[in-house]
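In the two complexes below, chain A is the common chain; its partner is chain B in one and chain C in the other.
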Partner chain A sequence: MAARRPNRENAFLYIVPALIFVLIAELTPVVYTIYLGFMEWDVINPPKWAGLKNYLRVFSTPDLLNALKNTAVWVGGTIVFSVGLALVIAVLINQVRLKSVFKAIFFIPATLSPTVASIFWSRVLVSQKGALVSIFELFGGSLQPLITNAKFNTFIMIGIWTWQYLGINLILFLVGLETIPQEPIEAARIDGANSWRLFYHIILPLLQPIMLLVVANAVINSIRMFDIPWVMIQGGPGRSSETLAVSLYRESFLLFQMGLGSAIAVVISAFSFLASYRYLVSIGGGRKR
Partner chain B sequence: MRFSIVKAVIYCILFALSVVWLFPLASMFMVIVKSNEEFSSLPYWGFPRLKSFVPNLSHNIGIAWKKTHIGVFFINSVIFATLAGVGSAFLASLAGYALTQLKVKTPQAWFIGIFIGNVFPFQMFLIPLYLFLNYIKLYDTRIGLSLVYVGICVPFALFVYRNYAYTLPGELFDAAKVDGASKWGSYIRLFIPMSKPAFLVIFCFQFIWTWNDLIFGLVLSERYRPVMTSLSKLQGQRGGVPPPILITGAIIASIPTVIILLTMQKYFVRGFTLTIEK
Partner chain C sequence: MKKIVLAVCVCVLSFALVNGPVFGAVKEMKFSHDNSEFQEFWTNMGNASADEVGIQAVPTDYETEVYKTKVKVDLPTGRAPTVFKWWFGYRALELLEAGLIADLSDVWNEVGDNFAPGLKEALTIDGVPYAIPFLISYWVWYYSKPVYQKYNLKPPKTWDEFMSQLALLKKNGVYGIGNTIGKSRWTSFIVFQEIMYRVDSDYYNKLMTGKAHYTDPQAQQAMKIWKDMLDKGYHAPMDLDYVEDIPRMMKEGKIAYAPFGDWYGGIMQQQGLVPDKDYGVIILPEITPKGKGAIILEVSPLCAGKNSGQLDLAKAWLKWYSTSKSASDLLWGLRFATTTQITPDIIKKDDPVLAAEMEMLKKYPTKLIRFWEATPVEIVEHAVNELNTFRATPGDPMAVLKSIEAKAKETWPKYKVKY
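The block that comes next holds the complex of A and B.
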């Protein structure tokens, strides 16, 4: 018995380094952010208790309500375009030859970072003297720089995100389509099901696990969307295209409202949890041994 | 007959979408082969003389690398992303080994305790990490940012190792123990070599994530920026950096992730699908 004890301590030592890193980089910050969410703090003066004031501000300040709205638009737009279009393309690609060529074409932008994609698009495609504007002018038309239009620049950015990220969703759907069992499809086909019924009643349900992954991933990514609105136009013009993540950055690190920034972080987390609850349960449980 | 019409329509749709997807890349090319003067004097789709393509491009690369300091930031990012990939994999392999092959009490609880870090959005960590790094005087240092990146990457890395380690034959480790191998010996000689695929998934995934990260670099560094953060700053200075230089810099900054995704795509995709494998 005496010989086993050092063994057990020994085993625990293997976990300690990972635990320390996670404690410092993640777990303590989470607790501290929740605490700061209840405080009013400008970094210079000592923090003051603010109760739920920061949370009330998140849901009442026009700029932040607008950020909430933009974030919701991002979530909806991403599901329709980045996920929906990827599914359509995956199903179409599965019908043709040249499968790997098309797959590669749609995947190329996914090898770039959102920052790089934003720079490409803002400098080259939608700027004053850009590629798209030039083509319009070639045909005698004119195109205002779309990105500075507060009415629809969020939609333009969702389009850019779709261009950049669709390839990853596409590849995941193709993996899903390759791994679904063929027997039910064959059986339905023999029974005379048409393509649409086949897709809707047989293929889509079989794709469910991959669907859950792709949708959860898309929703989480868009709830936290920062890179594209920030690099394209810094949440502007004004604060019109800010997402919650951009507002958080502005409030905390440009306006030094650490309490308000923390409250926004908690709100982002809460939405992430709500959106990915099923997905988290399915992976958090992990595999039973 | 109907069948082939459907096929033709599918091809048309795919070709049209391919054009949309390739158009931005083609327009990149029009920018990086021009000098700054040619970019402002020629129309966007106007070609410079064929002879000047290569000299223009190499000139743009030189200016982007040295004058805008993309080179320095590139090296910073190589350090951050490599350390994040290798470091988090190392820490997670130790913990994953202990949780699956050694007799640790309540392994599930320890796993969840570490993995929960992956559940929160990064925004939850930003403000405290900024304050903490300032407090311990590691704000705007390569060490500070490296430690943060490694820490952020650990939970997912542990997830990968734990899932993978369950597929390893436990008898092998039992046999090694009977033969008198120490815990460390089994880790080095059995666990590490056998879990190479897990390492590749983690390295690929976390290297790319760290390389592409913008927000941590923005919040936690000034001079020792990662490359994406520095690009976003150059983009922010309107009119400061001419498009040919900026776009060339952005392309240089994309080379590592392009290479990794073209050669190791399998492992990258595994990083996603692993979460739904049972």
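The block that comes next holds the complex of A and C.
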């Protein structure tokens, strides 16, 4: 019996309701945001055409340049700590008997929302009656305010994000490690490859699909990082620890510069798209194969 | 005949379905605010107004930033709230200029006598009284009674005396000033404001209205004094929370003073502090003779949305709200003394600190608007960021002032002020 060819028209009809929903619920705000990015709008008075002014401001205003820099630090910090550390730990615990216990320990913080995690760490780090200072005081020490220190509070917050997100990356890497075929590893071992060479030349290339997913996810999450810097210090002191997402919020909802806020939103989306491009291409490529 | 009766009945029922009950009906109106802690109070007030004047105010609260956006977006439309809480001064100006809030002259004509002289003027822009006060708050300095008792302190009579107290407290490991920026960005302007108007209150007024500059000697002097205080370590750690940590530490005798509007008394009591036992209130002395007799005033206004379609209801409700009965509910519900019917004698037994403050205020005839509302929002937001940074890492005061001055130069022309 000849196989029936799929009816493309009918298939299309099945996705029409979802397509309409996507167009209305997702595409409309996107188009409207892009439109607002070219306007000046204070919410009260009608929007006025501003051309590229808002986009130029994103890349020329000192506060927003600082937000761009902080966002880049977040991206770098997230890749190094949240991804890098997760990979190292995954490789280390992959062969350990109590792997599931370690997985659970690292995964618990991921069950909290970033807002709850931020409030929790604010109370841990506060210099009076905080959990950390209480430990210090046991040994006669004291603690200076950490989160209000503009020099290193971004790094503290990246640390908190790592604490929270490491578990998810770890699980993904462990899944990746479990799916790696054993034959090439054993062949390399027979050829005398040491652990490092085994990891670098065999395991890492075979982990690439998972690595792409984890890195793309980590980069997108850090590009749009809002919760932790906002809840912990509102992007302060001053605007020193603002990320692009915090700037978007401040410009849109504190200063009511909806045009500038929308331009920042478009920039964030563009960066996120670029970050995920390689992953999206790899998925598309895989399907073609 | 039957048909006519039936037609009338249908009409009445239809009207009732659309507009609510017709005979002796309680009419509903939308009331918006941004204080979730006051939601229960407003619900009770809504019920009271339904019983007394047949207007049920239905309150809805939102988180402050969401609230600001929602109200601004709704005001030009039919979704506009009937009555809503807002901020006064420049924060209300943009709404008034856009024709989004109603002229409340009728309400003031009828109930204006219930409010202290000068309040109507404070809530008037270009001759239009646009609001009725919800909260009238004066900015004072709360002090810790345990600290005062332990170090045998008395309210300072001169600024130098105050500085000596701070030095003594520092020597004994007590933080002088509970002003933080940990969870509240806005609080960074407080000490700057408190020093500046004590240097020269007239200059403060001029600065707020674009008639003086941030680089003028008075502002420089204020910043110099503040930097000196920061350098000497008189402030409590900046990462504290002003709602929980400062009251607790004042009760424990670890912080001596906290400068806030007198709404802070309610927060102190919520945190378990007892007025006159755990805390008291003073008004700090002036720094120069030009700062004498001045005090900062904060007013939270209630406005009426012009496009709500319920303007008459809004005015009737605001008139009811301004009666002595409602003022009494406001006092016992939220500890806000808003109308002239609330005298120190009424509140003395329950809150002797607030009663004492009301007596003290008689010596301060010059009312200045709080920095947060007194000057355009663009300048305030920028200044708050700059002062926030300065509070965290006290650097060059002149650099801070120059930065705010640059923002002021950019902003004032938008408000048609030649700067």
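Operating definition for what follows: the second predicted complex is superposed on the first by the 261 of 289 C-alpha atoms of A that agree within 3 Å, B and C clash if a C-alpha of one lies under 4 Å from a C-alpha of the other, contacts with A are read in each partner's own complex, and residues count from 1 in each chain.
Methods note: contacts are C-beta pairs under 8 Å (C-beta built on N, C-alpha and C of every residue); 3 or more make two chains touch, one makes a residue touch a chain.
Owing to the predicted nature of the structure, the values given are computational and were not obtained by experimental measurement.
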Open item on the list: I'd like to know which partner A:T111 touches here: chain B for first, chain C for second, both or neither.
Closed with: first
Task: chain A residues touched by each partner, larger count belonging to chain B or chain C - done: B
Open item on the list: Per the contact definition in the header, classify A:L146: touching chain B only (first), chain C only (second), both, or neither.
Closed with: second
- [ ] With the two complexes superposed on chain A, say which partner A:I44 touches: chain B (first), chain C (second), both, or neither.
- [x] second
Task: First, second, both or neither for A:Y14, with chain B first and chain C second - done: first
Open item on the list: Contacts for A:D227 in the overlay, against chain B (first) and chain C (second): which applies, first, second, both or neither?
Closed with: first
Open item on the list: Taking the superposition on A as described, I'd like to know which of chain B and chain C A:F253 touches: first, second, both or neither.
Closed with: both
TODO: Would you sort A:K129 into first (chain B), second (chain C), both or neither based on which partner it touches?
DONE: both
- [ ] State whether A:S240 touches chain B only (first), chain C only (second), both chains, or neither.
- [x] second
Open item on the list: Can you give me the overlap between the chain B contact set and the chain C contact set on chain A?
Closed with: 122, 125, 129, 234, 249, 252-253
TODO: Report the residues of chain B in contact with chain A in the complex, numbered from low to high.
DONE: 7, 10-11, 13-14, 17-18, 20-25, 27-28, 30-31, 43-45, 91-92, 94-95, 97-99, 102-105, 108, 110-117, 119-132, 147-148, 150-152, 154-155, 158-159, 162-163, 166, 183, 187, 211-212, 214-215, 218-219, 228, 231-232, 235-236, 243, 246-247, 250-251, 253-254, 257-258, 261-262, 265, 269, 272-273, 275-276, 278
TODO: Going by the contact rule at the top, pick out the chain A residues touching chain C in the complex.
DONE: 42-45, 63, 122, 125-129, 144-150, 233-234, 236-240, 249, 252-256
Task: Residue ranges of chain A in contact with chain B within the complex - done: 7-8, 10-12, 14-15, 17-19, 21-22, 24-30, 32-33, 36, 89, 92-93, 95-96, 102, 105-116, 118-125, 129-131, 133-135, 138, 163, 168, 171-172, 175, 209-210, 212-213, 217, 220, 223-224, 226-227, 230-231, 234, 245, 248-249, 252-253, 258, 261-262, 264-266, 268-269, 272-273, 279-280, 282-284, 286-287, 289
- [ ] Using the touch rule from the top, collect the residues of chain C that touch chain A in their complex.
- [x] 65-66, 68-69, 72-73, 75-76, 94-95, 98, 100, 181-183, 185, 237-241, 245, 248-249, 254, 377-378, 381, 385-386, 388-389, 391-393
